[in-house]
Amino acid sequence: MSSAREEILGRIHAATRDVPESEKADDVAVTRSYRQRHEASRDELVELFAERVADYRATVHHVRRASVADVVAEVCEARGATRMVAPADLPTEWRPSDGVEVIADENLSHEQLDGIDGVITGCAVGIAETGTIVLDGGPRQGRRAISLLPDYHLCLVEADQVVGGMPEAVSVLVDGVRSAGRPVTFISGPSATSDIELDRVEGVHGPRTLEVLIVGADPRTTAS
Amino acid sequence: MRVALFITCFNDTLFPDTGRAVVRLLERLGHEVEFPLDQTCCGQMHFNTGYQVEAIPLARRFVRTFAGYDAIVSPSGSCAAMVRDYYGRLGEIAVEEQGDTALAEQVAQVAPRVFELSELLVGQLGVEDVGAYYPHRVTYHPTCHSLRLLKVGEAPLKLLRAVRGIDLVELPEAEECCGFGGTFAIKNADTSMAMLSDKLRHVLDTRAEVCTAGDNSCLMHIGGALSRQRSGVRTVHLAEILAATEDDARV
Amino acid sequence: MSGPSPSFPESARVALANTQLRRNMGYATQTIRAKRALVVDELPDWEELRETGRAIKESVLRHLDEHLEALEQSVTRAGGQVHWARDADEANRIIAGIVSGHGATEIAKVKSITSDEIKLNEALAARGIEAIETDLAELIIQLDGDESSHFLVPAIHRNRAEIREIFLEHLDVDELSDDPRELAEAARLHLREKFLSARVGVSGANFAIAETGSVLVVESEGNGRMCTTLPPVLISLMGIEKVLPTFQDLEVFLQLLPRSSTGERMNPYTSVWTGTSEGDGPQEFHLVLLDNGRTAVLRDEIGRQTLNCIRCSACLNVCPVYSRTGGHAYNSVYPGPIGAILTPQLVGIHAAESLPYASTLCGACYEVCPVKINIPEVLVHLRGKVVRHKQAEHSGWRARLDPEAAAMAAMARVFSSRARYERAQRLARLGQAPLARRGPISHLPGGLMSGWTAMRDLKALPQRTFREWWVERDGSRADA
């Protein structure tokens, strides 16, 4: 009796008899004439990113590098968040200046995470065209559970982490996946559902509030 | 240009006025029209209903009858699409089933020269103003096969806009299928009627007195219900509007 | 499949009479269709993306065995385990075995159409394991013992008042309004405990990457993240056609899928995991590769493109048939145009004969398909198989009794000769005389055509055919 594996592979082989034996998987040419890069200045990309993140009803702020700690404290206070979890390697200058207790994630249980007001993380890359932040468990991001269980996610994005579109984001992420098998999460706005009469409701299971601070960008434009 | 008229069995039998309009229109524009009498049916109904093998002899007949013309014009988007887009597949089936390679070769010769009327006028002959006069409020329904298989695009609307006296009004949700679909209207009569109801509602919303299209099959479906409802709206093939002139007594 | 399902026309008749469903479906499909059009128009390179998407899928299918072996290697290398299932039973046995092996009696599950295809929940229940659906719509359906009517918004046939009733009956809540916000909150509270306590999570897979062994779930609510992150054991079930060669391919599909599906630039959450990661997420990962008829689809060179499908549901929303009948009329977990071609190929043409005919061949589905499946082409191809199947089954005199086959044969004969065709035209004119005495025909006696005159008058045949006019005109011109 052949195994399921052998049998399925055999069925596939038989089903694709029309494909010449000499043809290998790599021989099939796939043309990629879609856009690989966005021809826009850094400022334009950051502007677009802020606009598109805000489109998902997430809140966006532009913050100067020097005032990050103050702004983090202010926005947490405004949300009534007094206990925030953060990855152990969150930079000191990103920690709220006062009034907020920051709990470093050292193997907190899921129940403990569930009881915390919010989470502060960085990200791996931000995508302007789609208003997406991407986490891959790299520096300043921590493990997946910390940005999932608390109801409020405050994400800090360095202005130079913003890229134009999906192809540029994938090329930022690919090495971490190939070499370290890093888990990747694409986040575009807060959790949402349209399951009831297509009426959009923000927040079902994931964080109901997403707030994004763009660090190092021109503070003139503040979308919210 | 030697233009052959591919009238379609449906128009030949049920809508001779449309065929006469095509002849009148093309002759008025200075073209000689020929009508090969050996033509019968292109086999679309057989092909689309699953009787593809039965459609092969009809395709053979078609390519034999229409070989040698510069252009073949049809006042039916779906029959033109049958020949141009699907005869290739019939050619393949003839090879697979009967080892006959001749059909595929003949199809390659003839099929690219088949045009729906608006395609021929705008795309091949380069005319938009055909000198027509039609003083009525008209709405245009783009049939699915002219839209998505032949991709006639704006050609019918360009022709209609140039008609003198016409009051052309846009049909809401115009690109949605009317629900005819050949044997679909019979096999899935309930769903077909649900689709037709919506199409009728949109036609009536325009307050047009005439609904036109490039295919009498869809028009028969829409027109049959307009007639049953005594709606005061009638269906007229595009060719008949384009053939009409100020000299016509017809209304 | 257990027993023959009712045909599409029978089920459609029932669905079309349900005014609430008609209203909900019409509203839902129009809304999503409009959203999709907006975000697709925004991309200048949409057609190029579609073409690359199609080409990648075609290249995968031509060498599916190689890509699956590569996937198996990469998943294993990343700490996961790969299982192969020839059919639904085998997949169910594998999954139930893993769950039982951990002594679990409950699993937290994220919406997966493939799991509906194999009736996983029922199979687990039979072995004493409860599958908890965590997607809001799936929860509504599960609580009510109902079935999905749309890939993307499975409970779209239900309105808020009905959902409120279902929650009041089944969830531990005393008071509840019909505000979607409040209904979603009730589901959040109910499921949060389940997420925290579940020992096994089960998901489908939107894509899997042969190069890296990564698996993806694309979703909105966060239940996908929960199920794939919190339980210590994760089992993902995927059809063998879901494999993509490289991680880079995601740059194409993550643009095509959300815009085609929910009509968003990007869906709220996409989770990508690669085997297991130390200290982060499940420490045990199983990937179940399912055939269940897919290799039969692969064998058909025209039908093969059906396996390009990425389950976006764009074809459902533009389909003039689906948007009126809804999903239940298809009697299949795969409804709409894609269901009309996929189901008959998966279950066998004899078990779903009416589905390839559940279309007007209007082509709207092909126009929006992000991976360019020529659905009308496959529909017509499958209709050919239905006819062949019937002809083979009813050979000889029985075939001649089938009214459709008899009519088609008769017409093919008429059209094969000019003389016969012209004679038939004359006979038809004579034959209609008793029906058409007063203008258009408003009633046809029973049989095939009576459906036509239920709503439409039938135009009476004119006095003269076109060719008769032509011959006369030619004659008079020649005389002149």
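We just call them A, B and C in the order they show up, numbering each chain from 1.
Going forward, a contact is a pair of C-beta atoms (placed from the backbone, for glycine too) under 8 Å apart; a residue touches a chain by one contact, two chains touch by 3 or more.
On a predicted model such as this, the values are computed, not experimentally measured, just so you know.
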Contact graph of the chains (line, ring, star, complete, other): line
So the chain most remote from subunit A by C-alpha centre is B
Of B-C and A-C, the pair with more C-beta contacts is A-C
Distance between the CA centroids of subunit A and subunit B (whole Å) is 52
Note: subunit C sits from subunit A at a C-alpha centroid distance in Å of 30
Each of the following residues of subunit A touches two or more other chains, namely none
Subunit B touches at least 2 other chains through residues none
Counting only contacts in the complex, subunit A reaches subunit C at residues 3-5, 7-9, 11-16, 18-19, 23-25, 28-35, 52, 55-56, 107, 110-111, 114, 127, 129-132, 137, 143-145, 148, 165-167, 169-171, 173-174, 177-178, 181-199, 201, 203-207
The answer for subunit C against subunit A in the complex is residues 24, 27-28, 31-32, 44-45, 48-49, 51-52, 55-56, 58-59, 61-69, 72, 78-79, 83-86, 90, 134-137, 140, 153-156, 159-160, 163, 180-181, 183-184, 187-188, 191-192, 195-196, 211-214, 220-223, 225-226, 229-230, 240, 245, 247-248, 250-252, 254-255, 262, 264-275, 277, 279-281, 289, 291, 295-296, 298-299, 301
The answer for subunit C against subunit B in the complex is residues 8-9, 12-13, 16, 22, 320-321, 324-325, 354, 356-364, 366-367, 377, 380, 383-388, 404, 408-409, 411-412, 414-418, 421, 425, 428, 440, 442, 448-449, 451-452, 454-459, 461-462, 464-471
Listed in rising order, subunit B residues that touch subunit C in their complex are 7, 9, 11-17, 19-20, 23, 35, 37-38, 40-41, 43, 45-55, 57-58, 61, 86, 89, 144-145, 147-149, 175-177, 179-196, 220-221, 223-225, 227-228
